[in-house]
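Heads up, the next two complexes both have chain A, just with different partners, chain B and then chain C.
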Partner chain A sequence: MAIDSDVLVVGGGLAAITAAISASREGADVRLVSHKASTLRQASGLIDALGYVPATEPATPLRDGPPTAGRELDRDEWPDPEGPLADPFEGIERLPETHPYRIVGGDALREGLDLFDELAGDAYRGSHTDRNALVPTFGGSVKPTARYPAAAEAGLASDDRPALIVGFRSLTEYDARAFAGRLEAAGVPFDVAGAEVEFAEAFRADAKVTRLAKALDHDEAIDATPAREALAKAVAPHLHDVVDETGGVDRVERVGFPAFLGDDRGDEVRAELADRLGADVFEIPMGPPSLPGLRLEDRLFDALDAEGVRFETGNPVVGIETESDGRVETVAVDRNGRETPYGADAFVLATGGLVGKGLDSDREGVREPVFDLHVEQPADRYEWFVDDAFGDQPYARFGVRPDERARPVGGDGEAQYPNVFAAGGVVGGADAAREKSASGVSLATGIVAGRQAATEATQ
Partner chain B sequence: MDQQVDVVVVGGGSTGCGVVRDLARRGLDAVLVEKGNLTHGTTGRMHGLLHSGGRYAVSDQKSAKECIEENRVLRDIAAHCVEETGGMFVKRPEDSEEYFQEKLEGCRACDIPVEVLDAEEARRREPYLARDIEKAIALPDGAVDPFRLCVSNAADAREHGARVETHAPVTDVLVEDGEVVGVEIEHETGPGKRVHREPGTTEEVRARHVVNATGAWAGNVGEMAGVDVEVRPSKGVMTVMNTRQVDTVVNRCRPKGDADIVVPHETACILGTTDEEVDDPEDYPEEDWEVDLMIETLSELVPALKDARTLRSFWGVRPLYEPPGTGTEDPTDITRDYFLLDHGGRDDLPGMTTIVGGKLTTYRMMAESISDHVCDLLGHEATCDTADAPLPGSESEARMEELMDDFGLRSPVARRSGQRLGSRADDVLSEQDPNPVVCNCEGVTRAEVQDAIGDAGSDLNAVRLRTRASMGNCQGGFCTHRIAAELAQEYPEPVVRDAEDELYQERWKGQRHALWGRQLSQAMLNHMLHATTMNRDGDPATLDDGVDFGAFDAGASAPGPGDGGDAGTAAADGGRADDDAATDGGRADDDAATDGGRAGDDATADGGIDGDR
Partner chain C sequence: MTRDTDDETDGTGAQSDESEGRASPGVPTAGRDEQPSISVPDDGEAPEADATTGHGESPAAGDSAERPATDGGVESATGGSESTELDPDAYDPVDVFPGGDLDLRDGADSCYKCTSCDTACPVAEVDDEFPGPKFQGPEQWRLKRKDDHDIDESITSCSNCMRCDDACPSSVPLSQMHNEARGQFVESQMEKLSVEYVRNRILANYHTSARLASVFPRTASFAMNFGPVRWVMEKAMGIPKERDFPEFATETFREWWKARGGAQVENPDKRVAYFHGCYSNYNTPEVGKAMVRVYEHFGYEVMVPPQKCSGTPMFANGMLKDARRHAETNVESLIEAIGEGADVIASCTSCSMSLRQEYPELFDIHGIEDVSEHTYEALEYLRINEDLQGELADARLADEQSFAYHAPCHARNQGLSRQAVETFRDVDGVTMEDVGDSCSGISGTYGWKEEKYEKSMEIGEEMFEHMEDAEGDVGMTECPTCAMQMEHGTGYEIKHPLQLLEETVGA
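Coming up: the complex of A and B.
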């Protein structure tokens, strides 16, 4: 007995949720299945649209033939990217033609961001302007992004108030002094200092950030001092660490912490710290495990629920059944070892890219495992990469190629299935990492794929 | 002021490090110069096999005997560099029975202790061996960490008064009146520890004798002195697996051949190798067929290798040498023996001796023999004690259990630290409080990283070689920035940034040869983390053009940028509650942080992984 819906979305990240809600709002009955917990928890929580147009042509000739030992990397092999872009929309036309933004259009990005703003509500900022913000992240560099958690707002690099970056001796992700030095090297318009303080020492070495967040949420006593007060006390001696260009000492007006300032009660934690320190407080987006990513994941799944989309996680799609006219009729979902057919009039594939396992590979090639969709790739795996780790990596652009309705096309340029649509990381053509476009591609393709799937299903 | 010493040793591989240690312990004033890191050339690019001699027991019994002798010495003096894994030569049905018997007899003739195992016993010891293997010969092969071995030799030399200069390539061999009198070196960043962005300098090191221990590069140094040293460099690939499919060294029992050994090494297994003559030890192709050959052929012995995850591949060049006129066609037939070339007698150019050929297992014996030779020439009387004196770190049994308690380390981390540091563990680990883990894959703590930085300066590849930090599954994706952050206590920000970039690019080099399956997922995750979230590729700090910060969003409450186009900002801000962020989702356990595999495996979704999706 098949489980039926108008639209079935496969995947559980930002693109899948965007597609599901977009389809639902077109009046379709939508179901979402995802294999494992979403990877949003590994994301920084920033919502990028387009930050750079990276070089796709090397400045100096690349090697010919296999890699050779001993070749010194030419640091100028790839020209600087164009950017950071203050306006994410104006760069779209200079992206390669096969880029998803060029295919689904800049309006799709705008609509996707609008939908995101609605779903994220007041937890996110940036919707007041089309412009990118420059947000300091844990490497110490600033990066352009379209939307950012409210918790990160006081840290924006275009804000000229003097800032203190706080690091912790027992956390190894960054050193606050090098962090501040890197901001200065970027030419930020504010005075900044970094201080490594003791606080997390009270916890076991290698305590996870989630543990620290919980202690701040509950204001647990640390050596008889409540955690928030203890943290403020650790930071207070450094509030005058900032020296301006004339050598004068500035009292900082904002203080940045790794993103662990509470989980359930982040606003309360930040407010109390701000009050105690007499300065605004902001969070610095971090690598995995990422609290801002976890918070976003929770919020998006709540939104999905509120939208009336049924969803289930933990079960992979392991096969498909097609009709004689080439339409996909059902997909087989493996539920505890039993294959159950899920029928739908249209399907959205949003299973992610190489990391999320929406694309699979071995020494012979790269493939899309659910629908076996066409993935353009050089036949020789030694042409999947270039020698500069940050060069124009062909592998970074792997994925299915959509048509303007977001239907994956085969080698002949024709849609492979009339009722299959794709969104997010499984879509190729973008180097989301260098462009800083990952979330935007998910939102833009998600909104188009969802809408088109609903149209297909309700026709 | 240029220096006058007794001996300058060129080349910081196992031979050079062994020689400088030996000379220093005999009381000579010695300097070691190396163009890269210690082990930069061939030594750092081997599979880590501590030979029992079994490999040469049929074809070259002289080498086999030397191997077993030195194998015993190293277990003693370098216990913290050696893992006594044991090894076996495994016979498959298609392999020759006659050769199996020859191998057995050869080992016995060379005093290598052997035991014949039937298939059942062999598979009991190594359950991943193929079901159809016939039998095996067990013998005392082992694993040796060449980095630790070289660093310990260099450290001991330094303790005995020697000077060790890395990142100091020889730019000229000084010849005066028909005699070699020293070398000119170029310090990449000034003498002493390497520090990025420090300007370079040139120095003449004058010596009574020069030892050319540059292996595959011996011809280049010879050329600077005007003598011919015809090394025949031969490349071999080694493929690193992400886990130990075997815990003993597994050799294929057949005459020479490619892809016939699996060496367990620390957390990994290393598959080897090929043997192809190359023209230039620094410029030769690294090809995919070589990697494929390792996996395909060795999975005949260990089928699990076929679909296992490989982390990276690397190539090394053997410094093969044969006396002029021998004319061996196939490099696999060239002897593995070592040769001492006295240029006084050979080329009428006194003052320099070259050592070529040989293998890591016998490095100490080679060093002893060349040190004897140098002492003879210099008329210096002293006895060699390197076979008996333990290397720093191996003076006593490491106190693993105590370490766990003493330093509050979770047990696997303490065990790993103890293994790497040996008897130095106490001193190193007590230096840092708090002492968090910096590299999760390999369990490397801050104390070890700081200890290595103290020794190696801002050179994070040297730190890597000393600690194994960044050498695990994530290949630096989750830790290069953390290792670099450890530099910040001592070095300014631009140095930290350059050092980080250098390590990250070095890690990428080897991964290029493992880019499929889970390691391709890992590479993508690393790319996303470092480019998307950390913006290392587009960081305004590194771009040529400045950034107009005023053109970007400064926050809803800030005055809009110059064009005044962002109306309504104040209202938007006023209308907002502060972050009511997030309900508590079930916490993802982050045990994975080190393993992109997790990333891959966990992730269903849309590339959420990537940082921002």
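Coming up: the complex of A and C.
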């Protein structure tokens, strides 16, 4: 006997959740199975759609042969990526034909973003326009993104109010002064200063962001001063640190913190700090694992629950059983050594890419381990990459190739299984890191895969 | 790549005589500075430690003392049931560390320091002294390859909730590393006459105290919660006086089982062996009775094999030798039941977790893999093998009730955190609300230590708040110690999903 549903989604990230909700809204009974806690906690919490169109060809033609034939090319002979794009939709047609956006279409991206807006509610901003927002990230760069947490709103780089960036010695990966310097170098239209303040010193040297967030959530006493007050007091002496072009001193109108301003009560923490400082307060999205990612995970899993989708995390899907007509009948879920069959009429694979372990690789090749789907790749692994680390890396686009219904196709271009669909990072064709398109690809392919799976299941 | 092949030929062919002295690719060997570390010395090697092994009979202890343990009471970590027949010359990863440590290098190497485990850790969120699971696991494991590094004392602050396992995207065996480090710390660095050690030993061996208490259950329930006694316990033992000791049942589950004449259903095709654990036996036999009635309702023959503690509280206190002794008994009797066609069912998610994951990770006992593979949680097993949804489609709960459900951390790792909510979602008269993914904070014996009590309640605060926000005023969870904490923090009555299932299917 199998555990049955109309649609079974394998994965736990943004693509899987989008597919599950989209299938559920088509009337399907949906179950989501994820090996580990959601990878959303690894995410910055920014929802990017398309920020850049990177060049796939060098300015001067390559010598004949594999990609490596061009590896001696000077980096300067590659055109810079086009961007940052003001409008992600406008860039889609300049992407390669094998890009998921070209396959599922710009409308799918729009619908995916609409669904996200509905699920994220007032916790997110950016839905009022098609245009990208420019959000400073913790490395000091400015990222074009379609949606951003409300907590990051006051930090937009298009805002010209002077800003103070607050840092802490114990957060070694985040240097406020260097950050401010990089923003200035990037030519942001506002005056900015960075200051390292004493606050985190009350905690252990490698305190987790969750520890700091919890202390602010609960306004824990720090040396007899409530945490929020203590933090505001530490920042207050630096409110006039910003020096403008003429050497004049401005009082800052907004203050940026690393993203640890509370977890459950983030809005409350930000409001109190803003009140105490007399300036807007914003969070700067951090590297993984990040609180904005954790907060988004909580919100989206609540949405799954509200939608009636059943979900479980903790056990991997390790194999499949097919019927004689080539349809997948069940997948095997490994429960501590015993395989339990989970049956469905349609399946959505949303297990992530090489980083998310939805793709597996060794010296012999790159594989999709659950359904063993076709992953196109050069036979010689020296052709998987080029020397320029930031160049057009072939491996970055590895993944399953979908048809317009988001069904992975084999080497012959035909759908491999009539009832298997794919979404998110496991889908190849996008260089998400260079394009800044990871969330958008998950949303666009997720909504199509979910809808098509529901159609397939309820036919 | 042709070049690679040539190298290999040179290494393994032409110079094969010297190959012993060379590092072979893919087969790590101990570096010059690496010393084997043994988590718990074999019983035979550490007679002075045996003086403190006062609790409980141990029929298997003599047996294990005669065999050399390769991993400190843990024997070989890889040999499986055939370990005694292994050819000593054959390749065995454990040989990498000749002293017999568990070879966790693979796991340590899989860690790319993403820190997901740290942000999932409920202790690191409240405790400034605790460096988090990443340090306790892979980092400490590497550190202790050097002989001048002790295990950091902070390992005793790990509550063994195992959330790090679920959070790790690389399947680093964090809890296994913690268990081993804790075992080593307790064995080699903890003062055996200290109040803390004795207190932990008593907490870990709840099985023993509960067995004694259940002889005079009413007296024990009274005495354990009597004010002056508790004051003394806190001062002398470090057991926080705020906590109420659980009541002991006047009739244990096993006494009930015997009195009713054992199984009422015989069915050689559908058999389950019930691992009731200590708590369902001594404190909440109604959970065990519900299990029996529900399973008999579905036509199962229930077996109740002899059993001891699953080991969960012993792992959490680094008492690996105690845990191993109990495991030997459990494996022996469960493997016998499995031989008779049964699967093993536990109603406590920590018991099922232990039998499934910790047993094969920490011990090499004949048949232990079989026990692991045949073990399920009670509701999980029915959901896999019976049409529970169909059965419950027309069911209704006579007296409407809303429940505030908390998923135990150990249920999470088994993929069970949502099963109760999903099972009862469509049952008439039942409203069940998931109170979120926070940890209850008690983590078995953790919250029973005076120095951890405040932290335990701080961790639990989010759950208490969510429970109070929820519509229901009856709590629900699979884990007995979570239930204690839920009751302690909210005053709610707490039920087990099996009890609700019993009521709804009319078993």
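The working rule: the second predicted complex is superposed on the first by the 440 of 459 C-alpha atoms of A that agree within 3 Å, B and C clash if a C-alpha of one lies under 4 Å from a C-alpha of the other, contacts with A are read in each partner's own complex, and residues count from 1 in each chain.
Simple rule for what comes next: contacts are C-beta pairs under 8 Å (C-beta built on N, C-alpha and C of every residue); 3 or more make two chains touch, one makes a residue touch a chain.
The model shown is predicted, which means the values in this text are computed figures rather than measured ones.
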Partner chain(s) touched by A:Pro289 [first = chain B, second = chain C, both, neither]: both
Chain A: partner with more touched residues, chain B or chain C: B
Chain B versus chain C as contact partner of A:Asp267, first or second or both or neither: first
Touched partner set for A:Leu354, first chain B, second chain C, both or neither: first
Which superposed partner A:Lys208 touches (first chain B, second chain C, both, neither): both
Chain B versus chain C as contact partner of A:Glu312, first or second or both or neither: second
First, second, both or neither for A:Ala123, with chain B first and chain C second: first
Touching partner for A:Gly413 - first (chain B), second (chain C), both, neither: neither
Partner chain(s) touched by A:Arg338 [first = chain B, second = chain C, both, neither]: second
Partner chain in contact with A:Phe138 - chain B first, chain C second, else both or neither: first
Interface residues of chain A shared between complexes with chain B and chain C: 36-37, 39, 41-42, 204, 206, 208, 210, 264, 288-289, 294, 298, 313, 356-357
Touching residues (chain side chain C, partner chain A) in the complex: 114-116, 118-121, 124-126, 128-129, 131-132, 166-171, 356-357, 369, 372-376, 380, 383-387, 412-419, 421-422, 434, 437, 461-462
Interface residues, chain B side, partner chain A - complex: 235, 281-288, 292, 295, 315, 317, 408-410, 434-438, 446, 478, 481-482, 484-489, 492-494, 496-497, 504-505, 508-509, 512-513, 515-517, 520-521, 523-525, 527-556, 558, 560-561, 565-566, 568-569, 572-573, 576-588, 590, 592-593, 596, 599-613
For the chain A and chain C complex, residues of the former touching the latter: 1, 3, 33, 36-37, 39, 41-42, 203-204, 206-211, 214, 218, 264, 288-289, 294, 298, 305, 310-315, 333, 335-338, 340, 356-357
